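We just call them A, B, C and D in the order they show up, numbering each chain from 1.
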């Protein structure tokens, strides 16, 4: 069937070139736009509502994010129920509608931390917040032409993670472990999600230095354990013993892959991403070779903190340099050698962070390609 | 032994049963007649427990009873044989017979299929039906299903101590004459085991079978007559409250018709599995009646004329034009109107108002560019309500709420107002009371006078003979015989039956 | 006034009660400006639900709407540069075509609409993934504002989105009540066999109903895409179940022939109020979904007019 | 056709056509099983590799059938549950919520009572089945007592179920690491893991219920003609509620196998079961309007869906083509297994 695949790939490459030209190329200058806010609106509030809007509670990653948000709220001397939760269930429409409802309810006295579920959704969310005079900090998803500094003070910051480098490093660990030859497969996240794309790119970058390793296949597993399980068993049928290593886009995918391998009695190296506690445990046991901890607890807390302290006037975002408005979160490697130590430092005892040290653990400005 | 005293039943706005007294003795067959809306079905529902009376008492052998649901009535030996297809067709015959009472064949939670089948066979023997109880009901003929229905009710015998009362609701409506005879013979034989309440629109049958006849009108029992004293005319008089015209079928209004330029012309038309090699002509002003038993191909011919079925061979011409593409839209466009047997399902759209129903087949005439001219539709509806004397408060009334006769008038108005001049009538008087039937007959004659050609599948043979100019007898999809039926020179029942079976 | 005559009015009474209830618990809910914004935001969902109403009105269902909206967000984003506002025509045509194919598969190939539309949705998803190269795309801001910026302006204080929705509602209502097609829909929904026996081209009516559903889904996808100024193969996820819920809560039961687009407007507002109530009444994050389900059962139990379900409740 | 041949009733031919329709789902399955190796053969042929059609197929191997069986087992249980409901002419969309609740409740009970099958924790298994029954029972009550059509009632109950599972877990996932319980996946008899035999057992139980118990036969009665069944004294409401309860038990079975397969119970355990199971039921030849079909049809349907999913990955179909291909194949399968002459209209 791969002849069909080849044809299709050629088709999509030409399409992609076209898209890149139309969507990414032209935008930059046009981003200064009619929706630009008047600075007069940037009022500060003494006690704004603090809210976190995120995908769902069924994923440990988001739970970590939320725990950070709650820790921040507690640092203000409030109960953690002070934090308002908006859950979008994977629906951009709900994400936006909930934000608007909250803006209406709070009359704009709001410090919002949000992952907008899908990159295109970031613009309308930010624009409504700006219009209502609320302060918003985004995480993960936004389009490349949307920048906090174009919106004065109200769009406080955007934090993301540059996953390509770390994913490349885990890939190298994997490729070394299989002796630099053989075949690997990649199970990705929802294909259109930015981290999914970056993490696959990381693998591809690493493969350039390993000419004897073939990327047998890469398919999305939608961040989902059960789907990963099924895709992996399909891979095993198709490639069988040709698979000598597995590169997973995150930990939840790795769980499904591990179980598929277990069912077959196979034991091959796999690497993953996110550094969830269970995955760290598996790294310590040697079942996963490496994962990357992105410290979602801190990310969740600091995103809320940035929005809050901007809203209360503690600092003025527009006076900060651009690298303080768009920056990458930390990435920490976890390998079997340091898993136990890492677990003790970050998971068993969650460190108490200084939520006013906005950029301490951060990892450099976001670079657009 | 079973007795109702002073039974009253009210519905919102309606006093459905007014102080009904009713009793039935052991082994007796009691007829129950009345026009639609006279309260027959309400009374039956009270008897078999579907309704609870508001007043009065129900007693069995002098003991007062009260049924909350049909199941409790069954436990007291009261069973109901429903009209025609009340068996569940995807179940086996045996399952249908013991539906709801399978527990007796369950051992340790498991159905003993052998015992169930054997017991079913025993029940079937009671009605002298020799079929394999483990076949699926869908494979039976309508007559066989009717007998299975009876066998099912007779299981009460084993379950209940004491006497049985069995209600037969229009049991003959789908049966051919000879099948009716068999059924009646069976019922008479069974009086040793049960009493029967027989409900039918066919007066002759009621008279033939019943020992006594209850006549109902407007929620009351207006007369009880013994078989010996019963006369069709007097009973009908009581039911309707007026005399039945001697010329029931309006034969005096039957006119001759022009035998040229046929409206519909069949030449050696066949449809695989339903009819073969049929030829006939239908002319303007003619009533052509198709006669035969259920499954003889009558309905299939109607459906082919209308365009719902495509024949497998032969030539069909409508108004001189040979039809190549069969579909209902072009049928309607050529002026064909179809009055189906299942009035409530196929005739009217329940949930739509009278005027909406009348224009459904001719919306194009009441619309410009697809936009409806509702005012004109309503005017049309009002005109035809007036013309046909349709009893409805206004043209906005949901058709589902009209009586059967008025629904039928709406269906006829639909086609006539659209200018259809070929009308296909499939059991047009089924389930109608006498007055409504007469209205339909009147309309048939009126349409003929207007030059409409009618193909009729009649409810009874008498009706077929009375109404038709010509009769074609069918059997198993084959042409048998053709009769001319001008007034004064009509074929007899015997002539027809002779060719039907 | 008896219970019977009151029944057809239950949907909007339920809506009113909900609004009053939420407002009583948190009076800031009554701010008219905020309410208008809330309504403007639900417009894409409403348009999709309105289209779905046609499929449900004839007794079917359309599960492809969400994927159709997805593919349209991609198409709109990719081709905006080439066709400008003309992309709307392409989008609606795509929706119409997909719907028509679903209708064809349902009526002519006898595949229940539950399955046929689900399957056609998968086909649409494939197309969306292919066109987008499985990436999130964004519209060029100038082009978007030139072609579709007017959608998010206001006219006399009313958001244009809301006005578009009202115009579409008026159109759909006209189609449903005043045209031969609408009458045919009702006939097919309420009594398909009678419609056949009256010589209506029932298959055609059904195919068009699904096509309209698809076209409305495409409009919803287009508006959403413009609003978010981008598109990808998952952008409209989460619409489907809510659209179905909006239709059902409005009182258009799955049995067909009853209800209509005005009911769906009310149903959508009920959904909106329930959802906003979660925010206004600060329902705990882990409880929101359960509360939504329970309120939904209560709302449906209140709004459906059982006397019009005719016959048995399956 | 001449009128003389038309005069012959087409009795024998009709029977063969009915038989064909009846066996169509199985034929579709067989064709699919032969089709995917053909693509493999084509690919190897093009690459110049030695490949004997069927014999050298990676798809057509015991190991791969075991993989298909593993992924099909939980779905089969869920689909069987909903089969009973569809036989009655109703529909149940609550499975995602019910599966999640059962999975989470099972894991909580299992861990709480010892965390290994060798302790009292085995009680968590019947416990989960009871939870499923209760969920189904509530679903049935809402449907029957509030007179809400099952589509809406079960849809809303699904939301409640997912929400309840979320409430129980607070969003955490619970690992079930007991070796004895995980032997569902890890221990194989005759090349197939234990969970496949458990699913087979579930199928046989379902078949037994369908064909040998009053309840099972009553599903067909209700689906074939509810009014008539009611008039025959059948307590239809009771049958319905019991049907939903039974479906809940099978959803719980599905939950147990899903946890057995992945070793994790979470709110998302039920995700994706709704469309897979209903599609499988319909593809297997059970009619959505009730009364026709049964659990064996559902087995075939589940296998068809899983064979397609597995086969598409095995032949290397790009991801984005897979959804559309699945859609088109499902339509084709349903078209082939529908007796068009017996259906007057479809909605």
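Here is the rule we use: a contact is a pair of C-beta atoms (placed from the backbone, for glycine too) under 8 Å apart; a residue touches a chain by one contact, two chains touch by 3 or more.
If you're wondering where the values come from, they're calculated on a predicted model, not measured in any experiment.
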Task: Could you tell me which pair, A-D or A-C, is linked by more C-beta pairs in contact?
output: A-C
Rounded Å distance, subunit A centre to subunit C centre (Cα mean): 32
Query: subunit A to subunit B: how many Å between their CA centres?
result: 70
Intercentroid distance (Cα basis), subunit D paired with subunit A, Å: 35
- request: Would you mind pulling out the distance in Å between where the CA atoms of subunit B average out and where those of subunit C do?
  value: 43
Message: Touching at least two other chains at once: which residues of subunit B meet that condition?
response: none
Field: Shared-contact residues (touching 2 or more other chains) in subunit D
entry: 166, 170-171, 319-321
- prompt: Hey, what residues on subunit C touch two or more of the other chains?
  reply: 129-130, 134, 193, 196, 233, 286, 288-289
- prompt: Can you name every pair of chains that touch?
  reply: A-C, A-D, B-C, B-D, C-D
Message: Please output the residues of subunit B touching subunit D within their complex, sorted ascending.
response: 69-71, 74, 80, 82, 86-91, 95-96, 99-103, 106, 109-111, 113, 152, 268, 270-273, 276-277, 312-314, 478
- prompt: If you look only at subunit D, which of its residues touch subunit C in the complex?
  reply: 88-91, 97, 142-143, 146-153, 155-164, 166-167, 170-171, 226-227, 275, 278-279, 282-283, 288-290, 319-328, 330-331, 334-335, 338, 340, 343-347
- line: The answer for subunit D against subunit B in the complex is residues 1-3, 6-7, 9-10, 14, 208, 211-214, 217-218, 220-221, 223-225, 228-229, 231-235, 291-292
- prompt: In the complex of these two chains, what residues of subunit D are touching subunit A?
  reply: 39, 42-43, 46, 58-59, 61, 63-64, 67, 70-71, 166, 169-173, 175, 185-186, 193, 258, 261-264, 266-269, 271-272, 309-310, 312-321
Field: Contacting residues of subunit B [partner subunit C, same complex]
entry: 306-308, 327-329, 331-333, 338, 340, 342, 345-352, 356, 359-361, 363-364, 367, 370-372, 374, 414
